[in-house]
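Across the two complexes that follow, chain A remains constant while its partner is chain B and subsequently chain C.
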Partner chain A sequence: MIFGLSVAVVVAAVASLAFGAVRVPFGDVVEALSGGEVPDAAWKIVVDLRLPRSVEAIVVGAALGVAGALLQGALSNPLASPDIVGVTGGAGFGAVLILLVVPSQVALLPLGALFFGLLAALLVFAVAWSGAGRGSVGKLILAGIAIGALFGAGTTAILTAYPDRVPSVLFFIAGGLTSDGWHDLGAVWPYFAAGFVCAVCLTRPLDRLALGDEVAASLGTKPRTIRLLAGVAAALLAAAAASLAGLLAFLGLIVPHFVRMAAGTATNTFVVPASALAGAALLLAGDTLARVVAAPVELPVGPFMVLLGVPYFLYLLRGAV
Partner chain B sequence: MVRNLGYPNQIDTELRTSLRAVKPAVALLVLACVFVAAAALGATTGDAGAADKRKRIVALTPFAANTLVNVGVRPVAIGQMAVGHKGVSPRLKGVRQLPLSHPNGPNMEQIAEIDPDVVLTSQAWRKGTATMRDLAITVREMDAATASAVPSKIRAIGRAYGKPKQTDRLVRKVNREIAYAVKGKPIRERPTVLMVLGVGRTPYVFLNNSWGGSVAKRAGAKLLGGELRGSGGYVKVSDEYVVQQDPDIILAVPHGNAEDLPAIREHMLSNPAWSTTKAVQNGRVYVTLDDALLQPNIDVGHTIKRVRTQFLKNW
Partner chain C sequence: MEAAASETATAQPALSARGVTVAMGGQTIVHEADLTLAHGRLLAVVGPNGAGKSTLVRAVSGIQRSSAGGIFWNGARLSSLKGRELALMRAFVPQRALVPGGVTVRDAVTIGRSVHIRPWQRPGSGDRLAIETAIDRTGVAALADRQLTTLSGGELQRVQIAVALAQDAPVLIADEPTSQLDLGATVAVAKLLRGLADDGFAVLVVVHDLSLAAAVADEVVVMSDGRTVACGTPPATLTRDLLSEVWGVQASLEVTDDERTALSVAWLDGEDRPVRAARDQEIDNDRNAYSVPGWEV
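The block that comes next holds the complex of A and B.
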């Protein structure tokens, strides 16, 4: 299945580079990517706009898939997603704050979303890992819901205070990639890198955690520490993804389930990398559709991912035990 | 005696002369009484027309408020604009202002307290229309969606609630200002203008059917993507399309404060997707906070003139 998903990513990436609002002959696309002679506009479109956007789609899709897989594995909760650690609410608040309250600092949008996404996650962990029953799954989930609601209220308050400025923030809330060159990815790649490295290191401990806290502890794994690390890694990945592509938390919820049901296995050594590939393929395909369906108008990518992913997910769910 | 006998005759003659002179005045008085009685009867039977002019009117948009005050009607309240009194006639100073919030518009308790007969609103506040109608208020959408709709909307408001002569005078004035604004060297080749709403990398462009888009088009611009369809007059277009269309001018209408303009312009100029466009190469990227490009108003001629001279530079 890993091979099949890798092929899907490659096919989706080729489609993402080949199709867009402007028709560029496939030969020119290949020429431009290989450094050959092509018209300036074609080179600009393929190399400066489509290539960074496709790479962003791969990274963001993979990050959200992995974040969801880590959280579902660590919390043993099928409904866990980046929302649960407050990242989505925090990132949304950060973006709205910058776009509406201090629009002159719009260049800081990705870092603002990242900062508040991580701040929300930090608050969730601080609450969940303090007092009686520290580090318990129930406490983490409740803290996540409460902190998420807090930032959600802040977002609503800002939207209400600046109704004339709301159009600027709609695309971020709906979720979608922008043709922004390498700049934003260049600013947040360390967070992706740290999150992915953590995720790779956590796959085996998470498999042990799946056997139950007591069994995991007897095998030398510290359940609460693993949960905390998985939460931190998921927060890094989800916040970095939100900073580039807005609020697409749905991907983090659905992709790991999709992978588990399609492969019939729940081992994290498989689910985590497979979720990365499936998330990347789904976001690439969704983004390509969002760019070409009503071209030159660009639509939010969220509905297209739902359109692509949900029917197959429901089909798998129907047959699931 | 003769003198005495003759005196009444003289009086009789003078009286008859006076009566002849008074007759038209009496006739006029009788006519006036009949007219007033008819008007009063008309009002009780819900007849429109003359009675409408005495209605308590709330104007939520600057367009409706300015139209009313220019055709001789003072609204009982106006919508509070985000930009304060800018864009609203000084003659409306002292009129109660109602804060507006999306998507309902005014606070319904305040509306109920004012108890107007008519609320002139716009499409933006449509969600609140049903509630106002439940309060037995007549609600009419009377905002000019595009520059070309201004004269007809002024006529609609003026004829329903104002004075015909003042309405005609206002329409003539607006048409004169528009004609003056587009006067000058004929435009041989219209510049392609990418007109962007808001901030961020996402270019929401003004369409031909938006207020700002129609103003720029009237000023001589050919809007990039203007012919596309999108609700609300704005749509997000692909950067690839911007590169392909290669606009001559980029005109951004973000939100923010005047001191934010340099930073916002810098951000727009740094957009890698736009770097090769003629607009960026030739330094024709403009950022304006001019609310007149977002908010319909009756001084559309001045706005067209401003777009033409400041941004299109009589292209």
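The block that comes next holds the complex of A and C.
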């Protein structure tokens, strides 16, 4: 399964480099990547325009898949997604704030989304980790919903105040990648890196947590600490993902389920890496479709990813236990 | 498991707790409770509902924070032990564990073994042997590839013990391992726990059923209102007076020569109602002989 998903990522990556408004032959794609001789135009399209975008798709897709897997594992809740720690609401607010209130500073969009995404998560954790019963699953979920609603209301207020500028945020809200080179990824990669490193360290503790807090404690793991770390890692990944690709949190919700149902196992040592690969493959494929369908117009990737993922997801769901 | 047996000889108790006090939400649940557990012994904590039995064993296991008192594992203070060090000394079987979907019995037991497996590594041959040994010992080998969600309560309880055995700690602590089980499953778990103690494990169990405690335990600790009020061998400790004082029930423990135990209880304060009930039952049976068949279809 891991091998199959790895192959899927490679195939989707090559396709995303070859297809688009201009079709580049597969041979030229492979030549360009291996540093061989290719026409200037093909080089420019594949290496300067599409490669950064494909890498972004891989990183963002993997980040959202892992964020969802971490949260679903840590909270023992199948409905957990990056929405639940407030990241989506916060990042949306940050993006709308920059795009509508200070449109001249559009270059700050990724950092604005990242900052407010993490701020929302911080507020959620601060509330959920205080008072009696701190760190409980119910408290975290309720705090996430409440803080998310707060930022959602802020977003709506700004949209209402600047109705003429609303179309400029649609792309962000629907979720989509852009061909802007390496700049944005260069600015937010440390957040991805920190999130992925945390995730790798958390897989075994999360497996222990799956058998209940007491079994985890029996095995020398502190359940609350693991839940907090998983929440922080997921918030970093989801906020960084939103800063590059807008609001695609849906991917974080379905990808881990997709992996569990397809493989029939739910151990996190499998689900976390498999979700990374499946998320990357799905976002790559969705982004390629979004560029090809109405070329040369680029559509937001969110709806396409949903179109690709949901039918198969529903098919698996019908047969699931 | 040989390691556990060899430690039987050492004089130091596996666990020693003095004056343990636990407060939760402004209420003191356990008051200055004492407990000593030696290797190769089975110690049962008994007492009425709400006496603080589970809280006490959770506190000495390091799963629940205690507010005062000294808890020592092999002579080392509990608060000075790291999570992994403690995990190598004792395994805790909760009253109710989560039953996640998509996890097989062998997956679960492998998770129990994870203390011994280094990060980023797969289970080695020693680990796989320990996992299979734990599965065999608890009699769940036939279920090894089944999903946890498909098991019965008795099967799940044995799997929980297998998870704890894979941890390979010389002390096993179980919180009411039989409270949800039928008679046959209870006997299976009781035999398993007694066998582990005979093999050198120190076993600490919270039990409701006094006749069961008397049958399997070397010693019982009686808790009442958060305090440990008595301690000793079951027949000497669970006297008529104590049962009356702690549970408020007229009852006596009977132990026969062939090690059968029974609790003789005056369920209805010794009035003659049971006799009347039996007589009424006969009348009911006569009535049912005519009225039941219609319901069967």
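Operating definition for what follows: the second predicted complex is superposed on the first by the 315 of 321 C-alpha atoms of A that agree within 3 Å, B and C clash if a C-alpha of one lies under 4 Å from a C-alpha of the other, contacts with A are read in each partner's own complex, and residues count from 1 in each chain.
Note that in this section a residue touches a chain if its C-beta (ideal position, glycine included) is under 8 Å from a C-beta of that chain, and two chains touch if they have at least 3 such contacts.
Every value quoted in this text rests on a predicted model; they were computed, and no experiment measured them.
After superposition onto chain A, the modelled positions of chain B and chain C are compatible, with room for both.
More chain A residues lie in contact with B than with the other chain of the pair chain B and chain C. Seen from the CA centre of chain A, the centres of chain B and chain C span an angle of about 140°, rounded to a multiple of 10.
Using the contact criterion defined above for the overlaid structures, shared-chain residue A:L314 touches neither chain B nor chain C, since it reaches no partner. Once the two complexes are overlaid on the shared chain, A:S168 sits against chain B while remaining clear of chain C.
By the touch criterion defined above, A:V22 reaches chain B but does not reach chain C. In the superposed model, A:S179 lies in contact with chain B only, and not with chain C. In the superposition on chain A, contact is made by A:A132 with chain C only, not with chain B. Looking at the shared chain after the overlay, A:T265 reaches chain C, while chain B stays out of its contact range.
In the superposed model, A:R208 lies in contact with chain C only, and not with chain B. The superposed three-chain arrangement places the nearest Cα atoms of chain B and chain C 40 Å from each other.
No residue of chain A is contacted both by chain B in one complex and by chain C in the other.
Of all residues in chain A, only 20-22, 40-41, 44-45, 48-50, 99-100, 103-107, 109, 160, 162-169, 171-172, 176, 178-181, 183, 291, 295-299 touch chain B in the complex they form.
Only residues 25, 58, 61-63, 82-87, 90-94, 96-98, 100-104, 107-108, 111-112, 114-115, 119, 147, 149, 160, 163-164, 167 of chain C touch chain A when the two sit together in their complex.
Residue ranges of chain B in contact with chain A, taken from their complex: 82, 100-102, 197-202, 204, 225, 228, 230, 234-241, 243-244, 246, 254-257, 259-260, 263-264, 267, 270-273, 276, 294.
Taken in their complex, chain A has these residues touching chain C: 76, 132, 201, 204, 207-208, 210-212, 214-215, 217-222, 260, 264-267, 321.
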